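If you scroll down you'll find the structure; I have some questions about it.
Read from first to last, the chains carry the letters A, B, C, D and E; within each, the first residue is number 1.
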């Protein structure tokens, strides 16, 4: 059975989504559990795959329908794709478990369709990561995008318009990629990545191949919302329901960057990408613009999820800039950031889900007094925020470490400056939220017997949720004087435990980033990059 | 003259470029959402035209192996199909072997056009239809929400909404 | 004196012991149990640190690698003489400060004390972490942890004023550490390939003079906690915190961590030889002396007692930096000693300020006429503390100042000797003019 | 916005035109595309899959994995339209009625109108013309369309055709019925639930056949593994495998086309179509 | 304004006061622990 692992990873979610779509019509609870089981199986098999690849050190090749490489479609799972597989299936699995309640309320009697699309989206991403065929990648890209449009389309009142813009730009991006594959096909006659990699070096100076590279890259840049073409991302991620945003935000841009890495390194060999074309200066300039724009506009946002979307645009800038530095540190920083950023964004969007569940709206200003009300969630959120800012023990710092040292090695000091600048802006962003969450409105300090500034202790309106005055554990029992009962109201356990698990994962990822780089990413980067 | 022959030789590819630019322009610059959707479809069709034009070979027929051309083959093929229908093992074996042998000599790649782009474009057409369906569904929801399909009116409502 | 490195897990335990106590503190039902947890942790920590003293005294160094985080840098602890000195000061004063904060918190019946004590524990474990860090990355990790742990402490009162000073606190410290220290660390790593604190410094031979100067200045201003002049104004603003916190900030943890990191970087990363060859130490000395003089002058004009103590701390810290930058044997010893002496002296002064506030609620010196009669014990302690900070014989401060003066003489440029003496005179001015007023007769009115 | 659009278009256009210079000539026989991979398909189809129509063999066998996801794309579109548009509850709706003798159409709020009377017939929307001729001819034509569609599906091996084309024809026949008559009649004959279930079972047939080959032991979608099951040799098994898969595709495409039409035409209420 | 009666700060505040004051005086007379550590540190840095 283990020889069929690559097939299992993709086929189990696909079959499960079909069964879930059908089951939705008979019983409203079944689709959710089908989806969860399927994602779990897919996660386990991708972990086994990663273990197998790391153990043997050689890429696994799986021929679909039994036909060898150039003729049929072949799955190639090397270190890089195995790692990204694990990330995708993990994020999808945790996000689904964490939002069981939200799914029931928001998608009332459409659970079958929702769960099917959810699993199809994951299957699309998994297929894209594992495939070794350029055209097959386009088909899976379309599956992921279409199910993404559907998942995002059902949200707030403005969601359809935002999704329509996302659809238009997404289609332009995907079709440009298709055109790029077409140009490759007309020049070489083959669609298989490995096969193309052997043909391209022989026709280095043909303008068709050059244009294929440019148009492919433009298409992917549109899909990953880099600065000039980012228009669709903030609307799409902030207007949609939190469940779908929790799935799509951490994954779409990261997997598109994985595809860019795959194409630039495996299809157009590094000698071609960095030797012949050498797009470092232009791409790093675009990345710097994207980082600065993303950070500054995130500063101006009032809405929490919209702020996160602009941070994602900045993170895309990190990865694109890091990758196109061209040296080993930069590229491994970009790849490590794919893993770290997916985990961070998942944690932040789950936190957004909990905040919306708690306060009912998405404004940052309504997060008043959350430290007292739900200390564990806020502790997790602080960890995730620190990871985005880049504070050492968390994973965000270490991918920044590689990116910055890559930037210094490549002499791109503007990129290094942009990274530092965006870390500072992130610090301001999140500490603004900590401030709001820390300082309850009704808090005032009593001066015992102090004549000068006799501040009479006004109790003000004690913000305690009217609907929730139950005998929760009196948090400030040990407080000597009471200034209004602070009622602990943590979110329900199935929502809280996955979230805290992800936040702890951020720490673990940070501490073990060294070993991730050494025995996974080190082999993922071809020797062509020094 | 060299320029002119160059243009003539490549002129056929220009058709897809022009079509693609029309589609792209409509997608970017048009105000009405449905016109944008139409532009998107034109844009995707242009790519389909490009792919199919790659597969064309002068003087080749459609990629279906004519039974007529190798008479024996056709009889054998019919015979083979007939035998398969009966499910008799050894007769089918023999028929299939004969067909393979006959096919070897008769089929030359030159006679048939390249089938691969056609397969790919089947997929692209289907993807185009699917995207069109979802886009129309979304446009309908936008219309239900804002009462208009003109982008500037929608933005107006958003600004003072 | 055998100089070998012993692999032992003690430094890790020393750092973790207060973190382990936090669940106990948070979940304790009554106040007394919570205090018991704090004391237990503090006592164990001190015992652990002291248990390492004999080992370090006869020359060997304890190391422990937690995890190999980056290709050739890991989160590793190294207990050497200088680190142990600072750790002993920090852990001993933590016990004293927790006793004091119990008294202070209960008398003013402050709110959310559990949060206070847990973040207090995190801050101390970060301080010990900085003391025992073996490379710049571990030091940076605990330095950031300390800044974040002290933010809720500084903004304890959660009112408007606390909010703005919290913002200022973070702006300077996080801005400095992310904006200056991080790039400087990365550039050093890029050129030298390692960040471990080596006896002779890492930069020698890899980095040219211009870059070395730039990096040194970035480190000096990046570690904003040391409060060199342009980066000092978070310190007086942080006075809005309750007194045990400002005592912890200004005597034990935050500022001393800044000084400690600057000294570690100068001696361990930049290296004394490089400092002297490129003449960078001259610039550092000038910066330090400007801070000393200006801070002492401002301290004179401050009416609020805690702000005056804050500015005097800024001055005293620059003594340490000056001591190190003189690059003479006794100057450096004086600088290191001053960390300990100033800690005990200044914490006494802050405790007195807190006691006065507890008993009478007075903050401003002009209103403290004749308070000496009402609180004799506090005031005598205040006198001893100020003697130690100024550097008069019966108190410890004298010894460190003595070595500092010796250091300036050894280094040959007399200007810094005048700076030292002049500032001591200024210190004496703003302390004794104030203490005589304390003991004068009560106001006639 | 428009000028920006024009500028980008002209730049893109010129770039594209310039880059066509390196293309092989139109229809050139030994262009890379026609010499690298496709000769293998042309020469080996009969020998590998015994299917004369090379496009079908490449579609369903050599690159069968692509086509499976292609069918999944259609299913995704169906699910997406359902998720986005379908409104479960029937809020207050207006109804159109036409008075038979005079041809006047009236609009009634809610369903207050007596059901029994035969003078008024219900129509879908105000512009529906008096269509006795269309109604009758469509009813006649639909049977032949469906017959031809089945032929197209069945003869995918030998003639241009196959699952997609047959499925679309079948879907079109039901949609024609819905347009000529009214949507409710079509839904009565081919309900939304059947459309939804058929669409996922169609794709399930495809993926299930592939998974079956997996369980039997060969790679995924390797039909020759079905040989012993179907009682034929490995090559004919491939041809039959392709047929099974084509049927699955036809079912899925038909059901999804109808499902999307039901949702789009009635904006999710499935009450009054076009 | 102040009557001349003694109202010291609460005991818990004064005790640490006295401890630290006495330690700083003690350090003057027995500086060995810190002095030895400091000179050892300097020895490793400067001596090398």
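By definition in this document, contacts are C-beta pairs under 8 Å (C-beta built on N, C-alpha and C of every residue); 3 or more make two chains touch, one makes a residue touch a chain.
Listed by chain with UniProt protein names: A = NADH-quinone oxidoreductase subunit N; C = MnhA2.
Just so it is clear, the model here is predicted, and its values are computed rather than measured.
S.K.: How would the remaining chains group if chain A were removed from the picture, with no chain shifted?
M.R.: B, D | C, E
S.K.: Tell me, which chains sit next to both chain B and chain D?
M.R.: Joint contacts, listed by label: A.
S.K.: Averaging the CA atoms per chain, pick out the one whose centre lands closest to the mean of every protein CA shown.
M.R.: A
S.K.: With chain centres taken as the means of their Cα atoms, state the distance from chain B to chain E in Å.
M.R.: Distance between chain centres, rounded to whole Å: 86 Å.
S.K.: At what distance in angstrom does the C-alpha mean of chain C lie from that of chain B?
M.R.: 73
S.K.: Chain A to chain E: how many Å between their CA centres?
M.R.: Computed value for the inter-centroid distance: 53 Å.
S.K.: Give, as an integer number of Å, the spacing between the C-alpha centres of chain D and chain C.
M.R.: 74
S.K.: Pull out every residue in chain C that's touching 2 or more other chains.
M.R.: Each of 106-107 in chain C touches at least two other chains.
S.K.: Would you give the residues of chain A that are in contact with at least 2 other chains, written as numbers and ranges?
M.R.: 135, 139, 142, 146, 149-150, 153, 160, 185-186, 191
S.K.: Which residue numbers or ranges of chain D touch two or more of the other chains?
M.R.: 21, 23, 31, 33-34, 37-38, 41, 63, 66, 70, 73, 76-77, 80, 84, in rising order.
S.K.: What is the complete set of touching chain pairs?
M.R.: Result of the pairwise touch check is A-B, A-C, A-D, B-D, C-E.
S.K.: Can you tell me which positions in chain A touch chain D when the two form their complex?
M.R.: 4, 7, 11, 14-15, 18-19, 21-22, 25, 62-67, 70-73, 107-110, 113-114, 116-117, 120, 123, 127, 133, 135-136, 139-140, 142-143, 146-147, 149-150, 153-154, 160, 183, 185-191, 199, 206-208, 210-211
S.K.: Quick check: in the complex, which residue numbers of chain D touch chain B?
M.R.: Within the complex, chain D touches chain B at residues 1-2, 4-6, 8-9, 12-13, 16-17, 20-21, 23, 25-29, 31, 33-34, 37-39, 41-43, 45-47, 50, 52-55, 58-59, 63, 66-67, 70-71, 73-74, 76-78, 80-81, 84-85, 158-160, 164, 231-233, 235-236, 240, 260, 263-264, 267.
S.K.: Can you name the residues of chain C that touch chain E in the complex?
M.R.: 53, 56-57, 59, 80-82, 84-85, 88, 92-93, 96-97, 99-100, 102-104, 106-107, 199-200, 267, 272, 327, 329, 332-333, 336-337, 340-341, 344-345, 347-348, 351-352, 354-356, 358-360, 370-371, 373-378, 380-381, 384-385, 388, 393-399, 442-443, 445
S.K.: Touching chain A in the complex: which residues of chain C?
M.R.: Result: residues 28-31, 34, 67-71, 74-75, 105-114, 137, 140-141, 144-145, 148, 151-152, 155, 157-159, 163, 166-167, 170, 174-175, 178-179, 182-183, 186-187, 189-190, 361, 363 of chain C touch chain A.
S.K.: Can you check the complex and tell me which residues of chain B touch chain D?
M.R.: On the chain B side, the touching residues are 6, 9-10, 12-14, 17-18, 20-21, 24-25, 28-29, 53-60, 62-67, 73, 77, 80, 84, 87, 89, 92-93, 96, 99-100, 103-104, 107-110, 112, 114-120, 122-123, 126-127, 129-131, 133-134, 136-138, 140-141, 144.
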